[in-house]
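Below is one structure, written out as structure tokens; comments come after it.
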Amino acid sequence: MTSVPPFALEICIVCVGIFLLMMDCFTKLDKRSIGLAAIAGLLAAFVLSFLTGPMPSHVIPPSFYVADAPALFFKRFVLLSTALTIALALDYAPIYERFIPSASPQAGVGEFFILPVFTCAGLMWMVSAADFVMIFVSLELVTVTFYVLVASMRKNTGSLEAGVKYLILGALSTGFLVYGITWVFGITGQTSLEGIRQQLPLLTEGSQAAVLFGLGLVLVALGFKVAAVPFQFWVPDVYQGAPTPITAFLSVASKAAGFIVLLRVLEPFFTISSIERKLLIVLTLLAALTLVYGNLAAMPQTNLKRLLGYSSIAHAGYLLIGVASFRGGPSGPAIGFYLAGYFLMTFLAFLVLQHVAMASGGDDISDFNGLGSRSPVLALGMLISMLSLAGLPFTVGFLGKFLIFEAAMRSQQYLLVAIGAVTVASGFYYYLKVVRAMYWQPAPDGASSIPVPGSSKFLIGVFCAAIILLGIFPQPLIAMLN
Amino acid sequence: MSPLFCLVILPIAGAALTVAGTRPRDTAVTAAALNFLASLIIFGWCKPDAGYQFVSSFPVIPSLGIHFTLGADGLSVAILLLSTAVTLAAVCIARTPAKHSNWFYASLLLISAGAVGAFASVDAFFFYMFHELALIPTFLLIGIWGSGDRQAAAWKVTTYLALGSFILLIGLIGLYLSLPVNERTFDMRRITELAASGEARPQGSVYLLLILGFGILVSLFPFHTWAPQAYASAPAPAAMLHAGVLKKFGLYGILRLVTPVFHPDVAAQFNTLLIVLVLGNILYVGLVTISQRKLDLMLAYASVMHMGYIFLGLLSWKTLGLAGAALMLVAHGLSIAALFALSGELRERTGTLDFGELGGLAKAMPAFGLLFGFAAMSAVGLPGFANFAGELLIFFGAFSAGAPSKLGLNEFQIATVVALWGVVISTIFMLRSYRRIFMGPIGDKWKALPDIATVPRLCVTGLLVLLLIAGFFPQAVLNYVVPALMWP
Amino acid sequence: MNAATAPWIILFTPLVSAALILFFGRYSRKLSAGLAIGGALLACALSWWLFFQPGEVGPNQLLWINVPDVLTVPLGMTIDPLSRTMLVVVNTIASLVFIYSLGYMAGEEGYWRYFGGLALFLFSMLGIVLANNFVMMFIFWELVGLSSYILIGHYYSRPSAADACKQAFIVNRLGDFGFMIGILTLWFATGSVVFGEIFAKVPLLESQGHYLTIACLLIFCGTIGKSAQLPLHVWLPNSMEGPTPVSSLLHAATMVAAGVYMLARVFPLLVAAPIARDFIAWVGALTCLAAGLMATQQNDIKRILAYSTISQLGYMVLGAGVAPGPDVPMFHLFTHAFFKCLLFLCAGSVIVALHHEQDIWHMGGLKSKTPITFACLVVGTLALSGFPGFSGYYSKDLIIAWAVIEKPILGWIAVLTAGLTAFYMFRLLAVVFLGTPRSDHARHARESPAVMVVPLILLAIPAWVAGYAPVEGFFFHLKEPEHVPEILHYALLAMFVLGAGLAILLYRNPAKDPVVIPLFANRFYIDDLYNWIVKNVQDSLASLGGWADRWVVDLFVAQIPSRFTWACGYILRFLQLGNIQAYAFFFGAGVVGLIYILLA
Amino acid sequence: MQLVLFWVFAALMLIFGAAVVFLRNPVSSALSLVMSFVFLAALFITLDAFFIGVVQVLIYAGAVMVLFLFIIMLLDLRTEQPRRVNIGAWIGGAFVVFGFIGLLGKVLSSAVPFNMQKPPISNPQISDVSAVGETLFRQFNLPFQIVGVLLLVATIGVVVLSKKELK
Amino acid sequence: MTPTLGHYLAVSGLLFFIGLAGVILRRNILIIFMCLELMLNAANLSLVAFSRYNLTLAGLPNYNGQVFVFFVITVAAAEVAVGLAIIVALFRAKRTTHVEDLNSLKF
């Protein structure tokens, strides 16, 4: 059986993107067909990803680009999440259209479907990157497209404000990233992670400090990407302001890619015990702060999109527990599983949120009042999503947390486990606030039932089933990660 | 496929069907009735001293030693029977609410499914998972269809139990990690074996985590404050299921995962502390119960108080105490379910459970008064009801527990004496409430109250008959239970 | 049928009646009464039959609880002279009272409840009599308490009755508290709960210092509660709120005597614990005296009899404390059962005749209107007061004689009480039957129906003759004390004459009580003390607990943590200022902090 | 000589850099930025990185700065009105900056090779343009491609964001 | 005397901090953006210095560093383009480039 080299996937995606641009430019097709074509292309690449063979080393040196199992897993992850983002965007297009200055109907909507494809390419490169240059460049590709996507609803000041905030803080973190890479490169003379791993044991104590300085700055930039406290400030604001599909995309794909890069970057440094010790402190602290801040600050929120922003920080905290739990054996699979679960439940939440927001004109929790009777399907979807986010058993969210905490206990991260326990309880509080609104509260006067298109119903069904099935039989996913 | 699977899947299927839109009450009653029948058959089928039976296993995360394993021994089938019986009673007694009636019945069935699944699980991981399944239905039941300050109660019980079960989860992980590296598993049978052979030596910290986790779930003092509020606010069937069945999860868990696993010396380090807590449950909560002015709160506190006895039996680490705890666990489940059923009925009729407003109701509702009297007497631990046999065994077990002390009485014996005083206390509050509600002159507005309807009457009678059978022939239950407690 | 199965039938017949009454009694009054009386008669017949079966009956038990090697609790029958006699007494009196109830309860509502309760009581009482081990005895001990609760609370709509039944149950449970600890201590030392096996280990127990003494005292707590000894006597007078037949059967003749029966049952233990016996004797004597004093100032006809019961029970307990064998107190129990039952039934007859009037100061001059009742009451009074030739004379004097020999102080207390007994009984007699009627009801009183009068007459006979030597020899094997001081008999006679004479003199025809002693009338204020304790100690503690649960425990384990968490969240969210510069600053500060830690 | 040049260039670069921050008029800031970059390019050249120096001048001074100025003109930004001084920001900024300087100083002082003199290049004849090119196109080919995509995306993005009316 | 690596790094560090200070202190988004450019360029200076001082085995500067500078410049240019576009869009919508006017999303 013939196999395609892994890097063909990215090429494929870029080609799809360019093809879509041409389509947008030179045909008068309905813009929705662009979105559908994009989804088709992404899904085709997803299928293709199962046909990939080993990496031919003569084309791209493995010190730049790795295509190991996690990388492949996350490529698929990214592909699917992009496809879903575009699916969400298809539903969101009418709203989007209202907030862009277009001369003709549907003008400018095409890019809304096409840019995520390029983001997807960037993300895919990111998860394969094994060299700081690669990391920097692919990360910037992702970031720059996100700047555009976040700010693209130009007539909506919220979107613009979010865009500016993301831009300034993103650029600031880029500055730190570059400066950090500079130092790591400067001391080790290497940009590839493999090269750095070889150089690290040779360092004197003084130069170790300099490497740590650089690494710290890189950590800051990646912490920004994954929304770790205290680099999370952009998250709630940007999530709230950005177009809903983009928020979902940001919170899932961008975070996932951030985490795999974080793991890859840290991995060589764990081999040096003096550095490892310090990293342990820093990671533990980051995880603890992130857990506490994300969960606690989410409690008083009333806007669901913003709440999901804080929730995203909170989940970053749990994932950081996984990152900080490297001592008891590899925690990568646990993180991968958690992210996969997070992907399912977050997308489901945004899917429902988007429909409710489109119907009721707002995305406050109070807009969900009485959803249980207004639209049982949406309510059920949201219910399952919230329960999974809260970490209730028989959902994938619980297993994710379980694996993370198992890893943490194995690594004797008892402090984080304790904080985790408390924050899980507070998590119940704010996720159940949504459930309460849906089922306890009466629907506002005059609220009619919300129509849900068949495709969305199908998606909700698939997501619910996946959340529960993977919550009971996670083995396929776990096997894929190992 | 294990017949237990059908026991677990029936209520879940029932819940799914009700949500999908079948006639909720009929579906729920059918599912509960079928489940009760099934558990009866399994109860008859089970050979008490043959260890786990009906075992079927399905690998879920083999790399972590997690399998979806169902199985039951004498102890499990006894508790399964309790669960399905209480479920049937609860579902039958439920009054179909106007709002979201399908969710109402689905929630009830889900709570039952959680409990049944937990009691039928051999794998500690699924044991835990099934219990948590009931959390959200409880939240919905209290929040949507509750009474009084239902919102606060729902929040409290949910976050509290979430926290408790999370502590428990951490304890379970700790237990898991204390097994030898290549033997790590969540299979309770294997864990017990490893502990018995000395290959696994779980530490005191794990013990404390497990006891604390289970303790919060069974409202161990001082972590009991969620319970009264929740039970008082919950609709009657929910309170029945939660107090009668679901809360037994923690005690059952201790019987399965703590007493057979930990070395007595490990446990002994914490005995004094835990005994103080248990006495807090019995004495302090007992006193608090006396001070209650409303029936629902009083019953809720009473159920918290009785947890103290069971805990005492568990702490004794003696077959006698454990057997007593197991028996009491079944008995308390039945009696508190009957009591909550009646208090719910009473609320439906009178609209109030305040002692000050009620009085002399036995005049208007003699059958109701009689049933309530029976249930109250069972809660008081009167001979003839299984509660008495359970308490008796617990007292015997606890009195003979612990190391001999120079002072004459060791801590367990002192605790037993104090716990016996608790029997007096529970008599006081139960009889007081009976006096205030059913005795004395009847108020004018209650004179026309109709007596208890047929369905609830049959339900409560059924529960009481079970209690009486187990009370007259405790050995019948013990024959099932004791072999399960005789770990290698 | 043989001697082994008979006790089982005796025991469970009343239970079956009770269960049938519970399910079907509501539909027919006759059925309820019939079932109860039929059951009682069957049990009565069988117990007489059993009484004449010779010889020992071998092991005769089922295993109720059996946890191998640790605890075995059988349900077993003890068939020995003690239980045989007691069976006969209980069943005979019960049958009579059941029949009497037909008349007394005619027209009352809750017929099935009443007869169901009686049947349940009979079952429980027989269980105590037949039990061969402590746990079984405890089980029926509690069930007796339950039936007493049901029967006292028969008129539950009356607040006083409702309170009384509650109090009776709770006070009994107080006694049971000690009883159970006693059982536990005995089991802990001997590994068994069966009487025979424990008695076999008495030498072992004796070797353990005061262990046995303490155990016996704890066991005795059961008696204190059940037999209404000081200080737990308060429930018995209040229990008079129940229907009079109940008072006569439960609260005079049989149930309250269970405590004494139990002491007789465990006599081998008591013998080995002299200190405990001393204590028992003291409690008995003091109860005897105190109750006698209280009785002198009561105005309710049933309450007078209730205090008299307490006083007589005190005699029996005293007997258990001083006599060399269990037969001495049992003999008094035997005679007392008849005459006290008779007295109560007479009182009941009077009460019915006066349309449920119980205050003796509303009675008077009934001698001619209810002659049979009067005659029976006189028999009962003489028996109770220990008038020579009547049953009480033989049994009570025996106890007093033993007491004077073994514990002279207690003996003389008992003698004094005998005088008090005569005084208060003749007071009752004089006020109720002599003089002139003090109310309309009394003026128009008529004799009770035959169904009530016949049992009176039937009971009057044993009340008179039960103490005669042939009867006594038939049931008991008494050991007459030697070296009884001669003066004792004269003293007792003098006390009787003094008491009776004084009473007749004082109470021949006053309109109200010429003697007022508040201390006695208020029962030494013991009831008030209890009320005070319940109200001010227990209920205050409970309220404090209730307050603390909400404002301390809940505050610390739930409110404060959750509010604190929420507040933290509320404060933390304000870090999210919305201002880019602030974000940049926090970001920078985070970087500095992170690097600082890394480099530290 | 080199040291003198270094100090001159460095000082000017820093001064102009500081001017960017402290001048109120956006145009002056932009021009200071250009100047700062020019001296930065000069520093690059003192490090024998001629190609990078040239690129720096071309791209930054030539393209980026023009862009900045265009935008300033387009938006018609005036001199910033002196608003009330945000003391918090100043203290915070000072804290962060000096904290950072302290940390960097620590790294600089503790790390050994920092007092290292400039080593001679073994073969000064090799043109750094060709060397950079070699490295870029051979070794760093993939990132180069990605940057291409990045620029494409940026182009699209700019159109999406700034076109007055999308057609 | 030639300047040492330390000199270059110190100067570049100072430039970086000037940029950082500007980001924190200035209120005009455009200026903040310029300051961000300063920071990137400061990093570039360090990179070039490192590449010049840490020669490869062949005795040549480590051109990897210079290539990285090239990438940084390119990316920065792209970022500037997009960033300025956003600023223009913002100005069109809100007639302001002041950060303090951007505070509708908070808490």
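Chains: A, B, C, D and E, in written order; residue numbering restarts at 1 for each.
Quick note on the criterion: contacts are C-beta pairs under 8 Å (C-beta built on N, C-alpha and C of every residue); 3 or more make two chains touch, one makes a residue touch a chain.
Since we're looking at a predicted model, the values are computed, not measured.
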Overlap of the subunit C and subunit D neighbour lists contains A, E
Per-chain C-alpha mean nearest global C-alpha mean belongs to chain B
Sorting chain pairs by contact number gives first D-E
In whole angstrom, the CA-centroid distance of subunit C from subunit E equals 96
So, in whole Å, the Cα centroid of subunit A is separated from that of subunit D by 31
Between subunit A and subunit C, the Cα-mean centres are separated in Å by 76
For the pair subunit B and subunit C, the C-alpha centroid-to-centroid distance in angstrom is 36
Multi-chain touching residues of subunit C, meaning two or more other chains, are 573, 576, 578, 580-582, 584-585, 588-589, 591, 595, 599
Touching at least 2 other chains, the residues of subunit E are 9, 19-20, 23-25, 27, 29, 32-33, 44, 49, 54, 64, 67, 71, 75, 78-79, 82, 86-87, 89, 99, 102, 104-106
The positions of subunit B in contact with two or more other chains are 159-160
Pairwise, the chains that touch are A-B, A-C, A-D, A-E, B-C, C-D, C-E, D-E
Per the touch rule, the subunit D residues reaching subunit E in their complex are 2-3, 6-7, 10, 13-14, 17-18, 20-21, 26, 29-30, 33, 36-37, 40, 43-44, 46-49, 51-52, 55-56, 59-60, 63-64, 67-68, 71-72, 74-75, 77, 80, 83, 89-90, 92-94, 96-97, 100-101, 104, 108, 113-123, 126, 128, 131-132, 134-136, 139-140, 143, 147, 150-151, 153-155, 157-158, 161-162
Subunit A partner, complex, touching residues on subunit B are 19, 59-64, 68, 100, 103, 125, 128-130, 132-133, 135-136, 139-140, 143-144, 151, 154-155, 158-160, 162-163, 166-167, 169-170, 173-174, 176-177
Seen from subunit D, its contact residues with subunit C in the complex are 86, 89, 92-93, 95-97, 99-100, 103, 106-107
Per the touch rule, the subunit E residues reaching subunit D in their complex are 1-11, 13-15, 17-22, 24-28, 30-31, 33-35, 37-38, 41, 44-45, 48-49, 51-55, 58-61, 63-64, 66-67, 69-71, 73-82, 84-89, 91, 97
Within their complex, subunit C touches subunit E through residues 573-574, 576-581, 584-585, 588
